[in-house]
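One structure is given here, and the rest of the page talks about it.
Chain nomenclature is as follows: A, B, C, D, E and F, assigned in order of appearance, with residue numbering initiated at 1 for each chain independently.
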């Protein structure tokens, strides 16, 4: 596992930990938002928090496409699958996310809907080819990383004349989300979000390039470090952010140079732009309606747009009332501050998307972070 | 089981046996063709042969709708089911009949065809109602008894506007078959059929009336006794035939007066005639092409005619070469004269329809009549 | 061919249907093929349809005829036996 | 988000596809998003697509920087330790 | 808060793929459903395998998969049936059943309420039979790859000294006994089949026969053959015995008890009761001299009230089953060819 | 000409409903396929239940349904797996397996050639394991109500005096041993799943562990816990042990052997090897003092060459499984929530 295992090395981690301790000013706190669930996952999976000083605090951001999908869009997908006799294809991540009344795709499947997990848009195309007398819908989610494969599939479907394939497009964009978070007024009664810097998206940046975050860094005067998803990447980026904060700088720096360039992947950008265009506004779970924050299928490809091909009923979608996902996605609350966490809401019986996605903050807290005292006690006992 | 059990009474059977022995002239043989498989079944199921004298011989006739269906029509049904994505409904009797290359409906079903056994045409309609987006075909077989229910189903489908229902019509008529048998020249090398009288159809006659057989009896100078299907009915009818033969008469007599009248069921006849009309000619297995011997759906009901709705490919249908079904159906050979009987051809691995239908002569010989010596030996041993 | 069995009508239902009984079995059948049918009638049931009414008098008469043929035969046989004896 | 993993290209196949290897695992991936790709390249694989090439030099450089940061920190810590001692 | 604090939702829920994934949902289902209802000290060990003491004697083991439709029918359900089925196969060797295992294959979407009803019925049946379900397994298959629920049970029993019961032991001259009416189970099931629906008060005879068998063996330890005529009915059971023993069977039609509704349904559908399934009847073959005594014992047990002597074993090099008809003739009672299907001619 | 002279057509045929109807086609299938390949004196009794002698000792019984897709995979097939699965559950109680039963649920249309291949593989596996299949059952379900073939096996074993192995027996201070690499079976299966296809030389570890277990018990009769980490993987097995015993488990990530291909596949698909299934591995918990001795015994058995000590049992009122990461942190290794699905984020 070249270029993977090296970046999980325990010795280097100890060295970086020392460097962070050296650089971090004990008299101040560092609130670092890891925008991406990938970072959240790495922090908990490898125990990065155990290696940084107490005054360096990671704040979980909205960078999990599963978590930010509004319930209504999921309900639409469930409706498509249950009432329109389509084959609904989707990434495994979406299967267990609860919609209104806890109805997930996996439950819809148990009720008889034909829902198939795919690993790639290529698989969705294959299913469409193999089932010419069924409508096959690809339920597309994801940030800029996952968008180009959707565009390629649509272009391929058109080239092949696949008339039974369409896409239910839910792709969203990261820079507007970052801007929205730094810019958003807090809700009544809510503490304002304190963020001193951002661990910036890694794989999104490989497509759109790190320069995409320069306006945000400049306008909101927050340092951004584009950070890889391996635990050493997170630690090195933490160090770089601490240095910028200490020095009062607020620029975009790139830690993840082995993959991310300033301009990103131009070909992927062009393919996505050929098929998809900006939505004027799109709802994000937790953030509300964010302007220019999502993509839809261009008119020229209307025949591949499931929203146009199928009439979906307007619906009253409802999230679980006490679920704090929205506040958690804005970085205002921690999972442990949700009163459903760990009692009513667990990964087996999730009340919100943040508890389902392996990148959701609640799932990460539950799976890796819950009861750290017990962890530490156990370590003590074993020592 | 009123009006059933009385007609299976062992004491009365002994009495009738005596009467038959009395009437039968020991110096001549009586060749009685039981036209219907129902008679064949009763003769073997109850051991009627054990009760009549050796010189009274039952010759099995073609009165089994499963047995006389030509292989090509069955192959058509298999094709419909396998290639046209229809739900093919049919009576249980047809499921195991081998078509070309031994392909039966039950094998087609195992290959994935959607074939459903029904007990009544009403069930076929119900399946059509419950599956509005599938084409439902009823594979109709049977003589005049089974024809009116098919006609009723078509009328009902029209009344309800059921657009996904159609009938693959294979209904055949008994009087032309009887005429054909008595009239047919024997095949080269074949002994001519010797028939002294007919046990006439019982339930067919309840619909068409016993008078329908008067032309045959008169023209061919053969006595006909309309005989019920219970074993006492068969015995009494045997007695009546022996009397006619002894007396040199050849009229239609009605033993089955509790159900059969001279004119039959006029309403059933009218309903059938409204929907169905004579085919100029139809192939019977064993008999070949018999003029005016079958029914098809009238032009006015063309939309319910599966032969018009679906394009069926012309096919090379083939029966198993050495299968003697045709000769057996003409009454020229006995099952035990077929060299496949009991070796290659058994009910588990039938080579011809006569081995499948519980009314087929080969099946009756196998199931009830095989190795009568063993039976008698066993009886002796137990006595 | 044409498996059909007599059963007693126990109720006349909607839509040209009736319920017939055979021992404890009750089954709905179509009466679309009959002009008239009443509770208590015996009808011949085939593929879920009542095909014809059964005449109870004729049934009894048939059974009588069967018994008589037997009686006649027995008498004849006795006579034949006597004749045989006489001939012996 | 965006699970993606570097894997080595082991063959260039038809139809804008290539085969990548990760340990003994070989998997076909689409190269539709890359301008050029060659056997031996490391590419970042996401949902069955090669998303970007990985720069091996940059990877080495990053690891070097990490090690250096650590060394620097150790030196600083030693110095701090001395300072603390000195101050005691 | 422990790591096991969620609850399976029986009232409204349905089986989904997570119930088979080996994770917590599955563990919960096993705890809340199977362990709760089937509770006994051996099952409570909570191991993948159950440990228990056995009395001395040869062991007897059997298994049956149950795939019945409908799952609930007059006189029983798949849960009770799956217990009876295996207990009876063990009893037919003359053994006393000791313990059962139960393995479930659930189809995605199957209502948990139905599953609970089935498991409760299993539990009741096992309790009444005095045989614990000691170990189990659950798998979930995708919708369209199963049929609600399949249950496979296996059982172990112990065989008393001196008992040797085997289908091969039938010998000419022995008597053939039957414990009661035939075809009740099959007709009860047919009455609920879609497209065949008819009404009847008839109930499946599904029952555990080891109590009856124990009484019979106590009276006549030298019983030659026991067999439960399940799938394929009496005709199949007797053909199997004839085939295994090399002898023939001669039946008396008049002696075979058939419930009126079974006769009626068979006439309507064109079936032969000899081939219709039973789930609480047994065929016993014994020395002719013991037949009277055994019939007496059988008739004094609730499951043998209508026991009858229906025929005898005869010499027959072709080992066929022959029946003398009530009508006065004779017929071969052959193996069934394929399934018996309702027919029109 | 006897009444049993037809022949099942294995080369070209497919299962149809007649193979389950209880008639001759079924009897032929059982004779030509199951009895032919699985042949042994006990099965040859031809009874619905098998009779056999058992050595003295407590009995152990277990069952598992096998519903795997694909049916044939690198390193095994459903036939071999269904034998290994139940033998291993019996072995995990410390018992010597005596006999197996096998119950088949066949889907209409399933190729007889595939069925024969599966039964031959079962037969070979049972022979190699030295444990006969003594009784069986076959049912056929309609197309669309099954998935080719499901096999449920059950087994009986006998437990030597003085051995008491139970998941509840784990105690703080004891060592946790693992017999080899994790995840091989699950990844081998995934590699053949439609829509995931990837190539690997990796083979399922499917194997019968009772030989290894016998060696281990001979060396250390006081083993506390044995468990085969099948569905849900190592993480689930350890959570079950923690749950049953009320203790906690502390693992060392570095000590857990994982084959490179398993690591690679898991990275690609977003899975965690700790949750991926094994079919030929065992977890053993024993006194710390016995760990070295046991490891030695395990490593000298072909199925334990890569055995390792991976952690210990610790006090933990919440009975959690905690892992010290190679990176230097710690994480909870929780129960699996539902199935592990390949994911994109």
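Quick note on the criterion: a contact is a pair of C-beta atoms (placed from the backbone, for glycine too) under 8 Å apart; a residue touches a chain by one contact, two chains touch by 3 or more.
Nothing here was measured: the structure is a model prediction, and the numbers come from that model.
Common neighbours of subunit D and subunit E under the contact definition above: A, F. Chains E-F form the pair joined by the most contacting C-beta pairs. Superposing the C-alpha atoms of subunit A onto subunit B requires a rotation of 180 degrees, rounded to the nearest 5. Taking the options B-F, A-E or A-F in turn, the interface that duplicates B-E in more than half of its contact pairs by residue number is A-F. In this assembly, C is the chain whose CA centroid lies farthest from the centroid of subunit D. Both subunit E and subunit F derive from one sequence, and where they touch, over half of the residue numbers involved are common to the two copies. Computed centre separation for the pair subunit C/subunit E is 38 angstrom, with centres defined by C-alpha atoms. Taking the mean of the C-alpha atoms as each chain's centre, subunit B and subunit C sit 21 Å apart.
Residue positions of subunit E touching 2 or more other chains: 1, 17-18, 23-25, 142, 260, 263-264, 267, 270, 318, 320, 334-335, 337-338, 343-345. Counting partner chains per residue, subunit C has residues 1-3, 5, 22-23, 46-47 touching two or more of them. Along subunit B, residues 1, 4, 14, 37-38, 64-65, 91, 96, 106, 119, 123, 142, 146, 346-348, 359 each make contact with two or more other chains.
Under the contact rule stated at the top, the pairs of chains that touch are A-D, A-E, A-F, B-C, B-E, B-F, C-E, D-F, E-F. Those residues of subunit E lying in contact with subunit F across their complex are 1-4, 17-18, 20-27, 45-54, 56, 58-67, 89-90, 92-93, 95, 98-99, 101-105, 134-139, 141-142, 144-147, 150, 152, 154, 156-157, 159, 166-168, 227-228, 230-233, 236, 239-240, 243-244, 277, 318-320, 334-340. Residues 96, 106-107, 109-112, 342-343, 346-349 of subunit B are the ones touching subunit F in the complex.
The touching residues of subunit A, when paired with subunit D in their complex, are 1-4, 6-7, 12, 14-16, 18-23, 36-38, 63-65, 91, 119-123, 142-143, 145-146, 148-149, 152, 201-204, 206-207, 229, 232-233, 236, 239, 255, 257-260, 265, 267-268, 271, 359. Residue ranges on subunit D touching subunit F, taken from their complex, read 1-3, 5, 7, 22-28, 45-47. The touching residues of subunit E, counted against subunit B in their complex, run 172, 195-196, 248, 250, 260, 263-264, 267, 269-270, 312, 314-316, 318, 320, 322, 324-332, 334-335, 337-338, 341-345.
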